[in-house]
Structure formats: structure tokens, C-alpha cells
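Same chain, two partners: chain A is paired with chain B first, then with chain C.
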Partner chain A sequence: MDLDFSIVWNYVPVLLKAAGVTIILTVLSQSIGTVAGLFLALGRVSRFKVLRVAVWMYVWIFRGTPVLLHLFFIYYAAPLFGVTLEAFPAAVIAFSLSSAAYNCEIIRSGLQAVHRGQVEAAQAIGLTYPKIIRRIVLPQAMRIVIPPYMSNFITATKNSSLASVITVQELMLTAQLIYNSTYRAIEILTAAGVIYLILTTCLTGIQLYLEHRTAWELRGLSAGKRRRLELNAPGKRMGDQA
Partner chain B sequence: MTASAMIEALDVHKRFGNVTALNGVSLSVARGQVVCIIGPSGSGKSTLLRCMHFLDEPTQGVIRLDGKRVGYLERDNKSPRRMRGSQLAAIRAQIGMVFQLFYLWPHMTAFENVILGLRDVRGLPRAEALRLGREFMHKVDLDDKLEAYPEHLSGGQRQRVAIARALAMQPKVMLFDEPTSALDPELVGEVLRVIEKIASEGITMVIATHEMSFARKVADVVVFMDQGQIVETGSPVGIFDAPQSERLQRFLDKVSA
Partner chain C sequence: MKRSLTHWISALALVAVSTAAIGWDLEDIRKRGQLLAGTSGNVKPIIYMNERNELVGYDVDVARFVEKRIGVPIVLSALDWKGVLPGLQTGRFDAVFSNVNINPERKQAFEFSIPYSRAVVTTIVRMDVPNVNSYKDLKGLRVGAVAGGGDSGIPAEEINAKFGPYKSYTPYTGFAEMMADMKIGRIDAAIHTDLTAAQWMKENPGVVKIVGEPYAVRYVGIPMRKGAVALKKEVDEAIRDMKKQGLLDKWAKTHFGLDNFSAQLVDQVP
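Entry: the complex of A and B
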């Protein structure tokens, strides 16, 4: 069996363009799925039972059925409602729906992991609910949520290849089209694999960065060092950036 | 109840499922008065304070702050209506609460903990909030810890930050829920000294505590609770030196032993 990886170079521009589609598809549907997931999570922990049950049903359905099914369903069902959806927007909708369900559960677990006393202390000084969520609960939940959230993001990046089945020309479909005409499956698949690996490695990097950003006790340490260094300039020490 | 009461509880009951935590408690605290609540664990001290702040909603009974009902809007000729979130928040801002376990927000510095309410609740301009924040951190002797995160503070320092955070809201009443019970013995003193200093400034305070000598020193009125009821109320001298009820005598024997 002879392999010829030099053939890959001819297709780098095409593959990169397809990787762009993969990125846009994933980032777009994850963004929508994150915002929707946040509100779903708030509904899931709300004191209104109707809301809790409605969200539970949503998660039950969209987490309990395959994304592949959502893809076909939305792609084929849309015309029944008089809308013709292009493959790409259909894929964005399908992935967003599923991402919202997963992110709802991830964010909910983070919200519930924040100690009740944290909220009570905020209520005690008279903060209103939206401010308690924004200033007290979310910053603390974020830290807990980052690892599972980013894992899910990485999974979603790879699962975006499913969109190939409804003809979205993302990385996987593009690779298939190339090796169907060149008969160089191993070489092209290797190239596609490398590109996926680069994408997911970037996400891992972002995860590390976010984990570092939210490690406030580390921030505290560096602040301590700063304070010792600045002991001689007490006038501009404290709280000016608070 | 007296018209000049700063905070009062009227026939407050609190049940959790079939457990009765408060069984008809009435307490009236006059402006500037310091009331210490003593009593065995599970006697309802904490629950009473939490009801006064509406963190636990009384099953029955009324809480009033400076004459105004907490948690409900009173309407002429109509039954009271539950407050909306923002209305409840507005009245809560006037009641300071210090918790046994501090509950500082760990993602903020000590100073940020103190000024959050000044900015986000009282809506003070930045410069004013920073000035007040420094003032109250000074009041609890933590000028040098403004930028420290709670993680790097001792228990006593954390509780003092929590006191500054509550005090900075300039509330009408300060409630302390066993403020030193979670502290190492050697850190209790610094927190009690701060509370004593605040008490001397004429703020109305209700303190649930196990520190008997502190209660004797700082209280105008001492309340003894047991099994969800107020058993005895009196001056520190009356309560500690001439207890009337048998239950109080037994309790005092136990804590002094």
C-alpha cells in the first residue's frame, strides 16, 4: 500500500474553508445553545412548577433522542410548515436545540452547587434576584461549569460532522468528496483528523485559560504579592480597581 | 407592643414540616437597644433571627421594622399582600444580618464584598462607595486586608468583613446569628470586641449567642429561649444572677459547668 501525503497540499485551501464551516456551525449553535441553556437552567431551578416541568420535558426530549434524528427531522419537517430550510440553517437549529438541552443541565448543576448561604447573604443586603444571579451565583457557578461545558463544546465540535448527512459542506463531507474523486481516503482523512485535533486543542486551551481566570484564590495570592510590593506606596494601593 | 419598637416580632410561629421551630414568639426591640438571645441549640434563636429577616418566612405572625411590616404590604380594608421581590429587597436592605458561617462571596475581595451593596443596592456613586467602604473596613480593623480574598483570611477576619459588609448598608437593625460559634477560641475575642464597639454606637442589635459573659456585658435585655418559645426576659443582672424559671437555671448551670 503506497501512501502519498503530498496530495493533501492540493486540497489544503478546500479543507480549511470546510473547517471554517465547521467552526461557524459549532460556534453559532453553541452560542445559541448557551444563552438558551442559561435561561432553561434558570427555569429549571425556578420556584414556578410549570416552568420546571416544561424545561424538564424539553431536556427529556432533546437529550433523549439522537442529534442525527433532529437533523433529519428539521431538514425534512420544515417544508411541511411551508418553510424551505437550507441545509446549513437546519443544522444550526438542530445543534442549537440539542446544545441548549445539554447546557441547561450543565449550568443547572453549577447553579445548584453554589451554597445557599451565598444567596442568603446577598438577599440580606437587599440585592434583587437578577443581581443575585448576575453578581453572586453565576460567577461562582461558572467556575464549576467550565470543565463540563467545555467538554460538551468539544463533543459538539466533533458531532458537527453529522451535518454532512444533510449535505452541509463542513469538514467531514468535504473530506469524503475529495477522497471519492482522488481515492486517497487515508491521506485526506488524516488531514481532516489533524484539523479536528487542532480545533479541539484550541478549545482545551480556552478551557485552561477560563479555569485560570476564575481561580480567585490564585488571584488572591498574586494580589497579596502585589500588596507586599506596593507597601511603600499606600496611597494608590487599595480598591481603586474594585 | 411599644410604638417606638425598631424591630418586633408578634406571635411568630415557624414550622418545618411537622417540626415546630418557633411556637408563638413575640419580641420587641426598642431603638438603640441591644438584645441578646441565649438558649440551648435548637431552641429557635437562629430561626427567630431568620424570620425577622424573612430568610425563613414565618408560618404565622408578623414582623415589623420601624413600624413597617416585613414581607407583606398592608392595605386599607384589604388583607395584606405578599411583597414583590424588589419590595422585599428594599426592606431587607435596612436589616443587617451576620451569619454564623460568614458567607462572604469568595470570588470578590474583602473590599468588593463590602462595597457591592453600596453600589448595587444603595446606588451610591463610585467615589462615595469607595470612601464608605474604607471607613467600614477601618471600623472592623481591617484596613490592611482590603484586597485580600476571603480564602486568605482567618475566620475572625472573615467575620469582621461580614460585619463591615452588613454595617456598610447602614441598616436600622443589625441581626447577629451566633457570630462567633464557628470560630477558633482564640479568634472569638476580636469579633466580640468589634460587635461591642458597634453596640456602643447606638445601633439597634439582636444577637443570638452562646457567649454568656459577652451577653452580660453588652446587652440591655437578655432573652432566654427554649423549645421555640421565649421563657424569660430581663436585664443581664436579672437573667444571669437571679433566674426565675427552672429551665433557665438548668441551662445556666450547664453552660457555666
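Entry: the complex of A and C
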């Protein structure tokens, strides 16, 4: 089969504009989904049963049904009940809802990984609940949460293509429209693939940065020493170095 | 899971038809100041995207004329075909410009304009496949069509039942995807409208040919929200004007390379 990648250059501006839509859509819905997910996670581990059950139900529904369905409901069914949203906000809401459900579970796993004794100790010295969460639990939970959280972020970037069913002209729909007029599917999809890869590579970079930032016990050590510690003595803490 | 999703969507559409779509008509559209229209935007040369990210083609020329006639701008949005007709049913769009074939099921769900185009259901065969001279000869071959298309998937399944069985039947999401597969050699033949086939053959010479007589001719209309009778009346008049002024013939010549196009159309919803 003959391939002609020169065709791609004609469509670079169009593809980049569409990539912009993908980026804004993903970043916006992930930001909302992260904040909402954090509060849901706190509700999920709360002392109050009502709250725990409510959050469990939320996660059960929004993690258990396809995002495509959420998009359809919010864009096509909500107007029947008097809520008519533009396509883009509708997509942001749909993706935020499901992102919140996933992030709730991811953050919960981090919260629960922090030893109960630490919370008790913090209570013993008289810290308030918000302070315990902010100063004691979250910083430790964060490092556990980063890898699955960023994986979810990357998945969300690619899933944003589902918004094509509600007229959001993101990267994947644009690529499809282009190859339907040029019949150059392989070339255009390769270009779209490269753009997606650039986006997700940025996210991987952010993940790496965050992982280093939260490696508290390795702070202040030289790069070589950090590496040796990370490789040879996983689980060792500062002060243990022999 | 796919099936249950479809199930939900059709349930949704039913609710929509029974509640929201009723009573919405030209007056409301004029009040809003925009006619919202959906399209799959992936059927070259009928409606497709150019290098400047604009929708162009025969259907777009028709839409621009209708726009002048009703005095409200038409806003065309491209989206995945899966969402086009549900969007019309639930009232997200007022009309659809997407080479939609008129058939009895769709007529129950939408108001259709009189035909402004037609789709000849053609048999497309790869050059190196021997002994196929008609849709009747597709038995034992690997056949593809665009899923759910009135001029593609639906007739392809009819042909399979009447003259098959095919060796295999593959439903595709779009024409370009299907033809890419044809080029690779995964399917031997395809059922689709003559207009898209001719365009593809022009840009990819020597790969496929069109064989035999057409399986059927389907009329193409503009589906509008159920109950939008005033809008339908205006659109019908617009189509008659375009015929009278020779515009449909002119655009068919530029986009399809065909002469006397409007002579192939009828003056009522079939």
C-alpha cells in the first residue's frame, strides 16, 4: 500500500486545534474530578455510615456504566428535564463525573494505606481533623496515589475521544473527518497517534516529577545515592543508610 | 454491553419523542435565531471536511440555500454518526444534512423533506475478484457495508438473505474505513451509494470497479424533528426552488460530475 505522509502537513493546524480541545477537555474534567474525588474519598472513609453508603452508591453507578452513556444522558436526555447544556460543558460534566468516581477509589486506597496509628498519634497531640488530613495523611497518601492517579489521567486523555458523539470536535473525530475526505487513514491516524503520544508523554513527565517531589526520605541526597537507595533498599527510610 | 447500550439509547429516544420534540417548529427556531443541524460529515463528496476545517459538499450547498429561504442561519455540527439521529430525535438538532435515506421506519420518527438527492445502491468489487457481475453474485465472498446505512448496511443484509450467504459480512463505521480494508484485501466487495464510490475510485484508480445494475435507488431527504410541519413546508419549497433554478443540477455537476440530476428525483416524500 502506498503511503503519502505529505498530506499530513496540510492538516497540521486543524489537528493541533483539535488537540487543544482534547487537552482543555481532559485537564478541566480531571481537575474537577480530582477535587470531587478527594472529597468523595474522604466521605468513603468517614465515620458516618450515610456518607459512606452514599459515596459507595455514586462510585457504583458512575464507575459501573460506560462514559458514552453518561454523555448521551447529559447531552440528549437532560434537555427533556429542562437542562440544556452546550456540547463542551456537557462533555466536561460527563467526564468529571466518571473521573471523580475513579479518583475517589484511587485516593481512598492511598488514605487507607496510611497507618491508623499515625492518625491516632496526631489526635493524641490534639490536631484537628482537617489538620490531620492535610498535614499527616494526605502527604503520605499522595506518593502512593500518584502512579494509579496518573494512569487514570492518561486513560482519560484517550477516552475524551468519546465526546465525538455529542459534537465536540476533539482530536479523534477530527482525524476521522479528515481521512474521510482524503482517504488517507493510516497517515492521518499516525499523526493523531503522535499527538496523543506527545500529550501522554507530558503526563508521564509530570508523574516522574511528582514521584521525585514526594520521595521525602530521599531529599538532599545526590542523584547517584538516590538511585542506589531506590534500587537496593526499597522501603528503607532516611537515617537507615548504612 | 453494546446491545444494552443500544437498548438504553432507543429507550431514551422513545421518551424524547413522546415529550420534548412535540410542538417545536419554525417559529421557535426563528425565535432562537439559529437552526441547529447535525451531520456525520464523512460522506465525500456529499458532505465532508476541507483543509480549513469547514464542511463542504452537495449537502452543504443545499443547506446554505435553505438557510436563505427560512431566514435563519444554519449551524452545522459534525459528530459521530451514532449520535446524529438520536440527537435529532431528542431535539438537540432541528434537522440533519447527512445524505439520510428515506425509509418507512425513519418516516415514523421524523418529518422528511421531499427528496433533494438520491442514492443508487451499488455493488463495488475489487478488480482482482473474478466472476462478479451483479449483486446476485456475492455468494461466498467477503462483503462489507457501512453499519445501519439505508444505502449500505441495510441493503447488504437484504442481499445476503436473498442471494447469499456471503462468506463473511463486515459492518463498518464509515465508508473510508471500509475502503481501506478493501484496498488491503480483507473484503472482496462492498455495498454503498454510487456517489461516494465514484469519488473514491477517482482518487484511488485501479483498485475497485462498480458492477451490474443497481440493487435499488433510495431517495435522500432532510429529516426534521417530528411535528415541525411549518419547517418542512418551507424546506420543501426551498428544494422546489433549487430544482426550478437549476441549482441541484449545477451542484450535482460540480460535486458528482452528473448531468440532469434533478430529473432523477420525485416531488413528494416516497
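Just so it is clear, the second predicted complex is superposed on the first by the 219 of 242 C-alpha atoms of A that agree within 3 Å, B and C clash if a C-alpha of one lies under 4 Å from a C-alpha of the other, contacts with A are read in each partner's own complex, and residues count from 1 in each chain.
Just so it is clear, contacts are C-beta pairs under 8 Å (C-beta built on N, C-alpha and C of every residue); 3 or more make two chains touch, one makes a residue touch a chain.
Everything numeric in this text was worked out from a predicted model, so none of it was measured.
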item: First (chain B), second (chain C), both or neither touched by A:16; value: neither
item: Chain B versus chain C as contact partner of A:169, first or second or both or neither; value: second
item: Which of chain B and chain C A:202 touches, first, second, both or neither; value: neither
item: Touched partner set for A:113, first chain B, second chain C, both or neither; value: neither
item: Which of chain B and chain C A:53 touches, first, second, both or neither; value: neither
item: Touching partner for A:73 - first (chain B), second (chain C), both, neither; value: second
item: Doubly contacted residues of chain A, that is, touched by chain B and again by chain C; value: none
item: Residues on chain C engaged by chain A in the complex (per definition of touch); value: 1, 5, 8-9, 12, 15-16, 19-20, 38, 41-44, 48-53, 77-80, 82-83, 86-87, 90-92, 174-177, 179-180, 183-184, 200, 203-204
item: Parts of chain A lying in touch with chain B, wherever the complex brings them together; value: 115, 117-118, 120-129, 131, 135-136, 139-140, 143, 214, 216-217, 219-221, 223-224, 226-227, 237-240, 242
item: Chain A-touching residues of chain B, taken from the complex the two chains share; value: 53, 55, 85-86, 89-97, 99, 101, 103-109, 111-112, 115-117, 120-121, 130, 133-134, 146-149, 151-152, 162, 165-166, 169
item: Residues on chain A engaged by chain C in the complex (per definition of touch); value: 1, 10-11, 14, 17, 66, 68-69, 72-73, 75-77, 79-80, 87, 164-169, 173-174, 176-181, 183, 185-186
